[in-house]
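This report refers to the structure that appears directly beneath it.
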Amino acid sequence: MSLIHIENLNKHFKILNRHPGLGGAIRDLFSNDFRFVKAVDGISFDIAPGEIVGYIGPNGAGKSTTIKMMTGILKPTSGVIQVNGQSPYDNRVRQAQIMGVVFGQRTQLWWDLPVIESFKILKEIYRVDQKTFDEHMALFDELVDLGKLYGQQVRTLSLGQRMLCDITASFLHNPQIVFLDEPTIGLDVSIKAKIRTVIKELNQARKTTIILTTHDLGDVEALCQRIIIIDKGKILYDGGIKKVNALFGAYRTLKLQIDGFDESTLRALEEKLGAHFGPENGVSLSEVEDHWTDITIDQARTPLADVLSFVMGNFPVSDVRIVEISMEKVVRKVYDGALG
Amino acid sequence: MLSIRDYIRLYFIIEAQYIKARMQYRADFIISSIGMFFTSLASLGVFWILFTSIPDLAGWTFMEMVFIYAFYMVAISPMQILFDQTWYLRYAVQQGTFIKYYFRPLNMMFYFMSERFDIKGLVQLVAGIILLVYSSVQLGIVWEPIKLVLLLVSLFGASLVLIAITVSAGCAAFWITNAFPVLGLAWKLREFSPYPMTIFDGAFRFVFTFILPIGFIAFYPSQMFLRPEQIDPLVYLSPLVGILSFALAYWIWTKGVNSYGGTGS
Amino acid sequence: MRGYLALLRGAFMIGLIYRFGFLFIIIGNVIYMGVAYYLWHSIYDKTETINGLTFNETFIYVTLGSTVFILLKTYADWIISHEIEDGSIAVYLTKPIDYQFYALSISLGSMLTNAVAISVPTVLLLVFVFKVTFVFGPGLLIFPISILLAFLISYCFDYFTGLIMFYTESIWGVSVTKEIMITVFSGALIPLQFFPEAVQRVLLLLPFQAIYHTPLMLITRPNQDWGTLLSMVGVQAFWVVVMFVATRLFYNQAIKVLRVAGG
């Protein structure tokens, strides 16, 4: 029996078509001109207890809408959604007891209070018994040295420290599921590592199911066993991390600044690359923006170093940047059938 | 799921911490308290000035007005102290931070309102109680136990009416972008409630009694103690009006909460 | 100069967009007029004049007082204290515009929107529903100037309060105390004539009355001789200058402190 069962789930929004200007604003008051937006369009999946699932997709894909339905905030337009055997929307309070939620940069702790007081209040709200409370606080301290922060007011913490507190707090009452929305956004590398560690450890220690929405591929690689990719309300991919990892890891974007770049250079570049590396080489020229030319390279087929030395040997390159592939590009590739 | 006792206990824990944190801002605490003292008595001051030029207002003497005003001050205190967060609803809604209230196994109105406890409102409460005692002594009102019970019950009902009006007004934020003026209207109505309803007739009397029942915040309940021989049976309905108004306001809140899906996708 | 005009126009347009808000402001004002009508009607039940004012005069005074009150609401104190508090004031300090004039342009823009949207229906209601008779006279001509001056004084007050709010970290308390002082002492709530003699004389010397009392008297008693009328406005102008200078000094002081402290 899966913990989360979603079958043919739909969520449609009715949006008013607004007209510009003052006259338009008055007309809108009486308007019947609506359009339907399918935020979530017939998705289905099951999640078993203990899984860590990465729920990823570009902005506007329908991620937050799905999460909101899972947490009981939004009522589905149609379809089945069951969390722990119950419909989340019908009893928000009961469902909240078995869930933990952390969303982005807005803290759910009490702003003016010391960290430990927030935890104590949560203990009361979720009716955590003293033994479990003490165990968990000791665990958090052991994992990420949380004890140091106990006496500090939440408002004085850095973003990274706040995230650590919010994340650990979400596990305090031993929830069955924890939803983490962009937990490492805007943080530096060392704090990201800490956060990924604590998530992984808590998942293993407590067998908590974790649903992670993120734009950070590092999060995905470090934590997720399973990925669900959603775009435009539909599921593009639902499967193991390995296949998608190959997709992320292999791709790099080579950004070059070439002196005297113009239309003819672009064509010359295309021709020469095609000639040298052959067709189906996984090397493609993408946008040219602000004097930067992007070459996306599938390292599984053509090593980046080869491309770089080739271009530098044939064109006057004045600056180079190497970037990992972005989430948007990955989704684009999946959409175009990269995962077959 | 929490019981009523759990909620009360939780409330004490949260507010104890909140007050402790607020006490750090000493200058603000003192200035606010002083400001509160003057604001709450400003209207009474205006009446006092008025009464230097006239002997009575629609048949009510100054001391009777003081009693009604004192009743008003006590009746509006629960709204001021416990539901002050209502004034900040529009910010939470617009900025999206309101979403956090959905995630805890708590009644959302409780959780939302518990985030703010207006300490300075206690100044108004105390001043109101003192004035109530003073005016009842001056008017020669005898407080037998049954009357005291009646007083507490009517104060309770009266406070619910103001809470209902203000919270309903605050809920406009769920649907309207610039919702502040709706609260502004609720505030104005609050200011009119110590006025004797006998000055009104026709449409205004009807509205203030049955539709936006500010008459039940101070004037009608006060009748039970000021003119017990002459009262309208309507007056005994005060607690019921309070409960019904609050139920309506809670219904509006629920509708607002359900319609709010948050921002973003 | 063009920059300020653009800001003014922008604020005016934003005001228009908030149409629901306006509806409620107008409703609130209408209800207030009704309540005031009944209240003062009750007060004047047995006498023709009280303290030298008739019911008609007092009623116009009080209802227009509330309209003028809305008009002159600048919220400058909240805006300024918030901008200082969260540091966004730093952005304005780096731009080649004077901060005070910038803030003033914004406020003036909203004031104009309010002026049109609120006072027009109010006057219409007064004339056609409440059947109030307006007296005509030269005072009415000076009224717009008087209102403008009143706005400037009110704005300076709010600005000054905003700076105090920044210093004391107390937002509500200072703002509300200022509100009370202005509304009671300026005659906005109840005509100054109702105050005891001695108190009246003191109040007339203070700047508060220049905000409400003067313009309202111009409307209720516009028939006075030019000498009196001009001196009333003259007093207002005097206070504008005083308040402006005082605020400027305080502002410079505050900015110095802010720059040192790092905001």
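As written, the chains take the letters A, B and C, and residue 1 is the first residue of each chain.
In this section, a residue touches a chain if its C-beta (ideal position, glycine included) is under 8 Å from a C-beta of that chain, and two chains touch if they have at least 3 such contacts.
Only a predicted model underlies this, so the values are computations on that prediction, with no experimental measurement involved.
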Neighbouring chains common to chain A and chain C, by label: B
Closest chain to the centre of mass proxy, which here is the mean CA position: B
Centroid comparison with chain A (C-alpha atoms), farthest chain: C
Pair of chains with maximal C-beta contact number: B-C
Approximate Å spacing (C-alpha centroids) for the pair chain A, chain C: 51
Chain B-chain C separation of Cα centroids, rounded to whole Å: 28
Centre-of-Cα separation between chain B and chain A, whole angstrom: 45
Touching residues on chain A, where the partner in the complex is chain B: 39, 59-65, 68, 71-75, 92-94, 96-97, 99, 101, 103, 106, 108, 110, 112-113, 117, 120-121, 124-127, 153
For the chain B and chain A complex, residues of the former touching the latter: 1-2, 6, 9-10, 13-14, 17-18, 21-22, 96-97, 99-100, 102-107, 115, 258, 261-262, 264-265
In the complex with chain C, residue positions of chain B that touch it: 25, 27-28, 30-36, 38-39, 42, 45-46, 49-50, 52-54, 57-58, 120, 176-182, 184-185, 188-189, 192, 195, 199-201, 204
Chain B contact footprint on chain C (complex, rising order): 18, 20-25, 27-28, 31-32, 34-35, 38-39, 41-43, 45, 47, 50-51, 168-174, 176-177, 179-180, 183-184, 189-190, 194-196
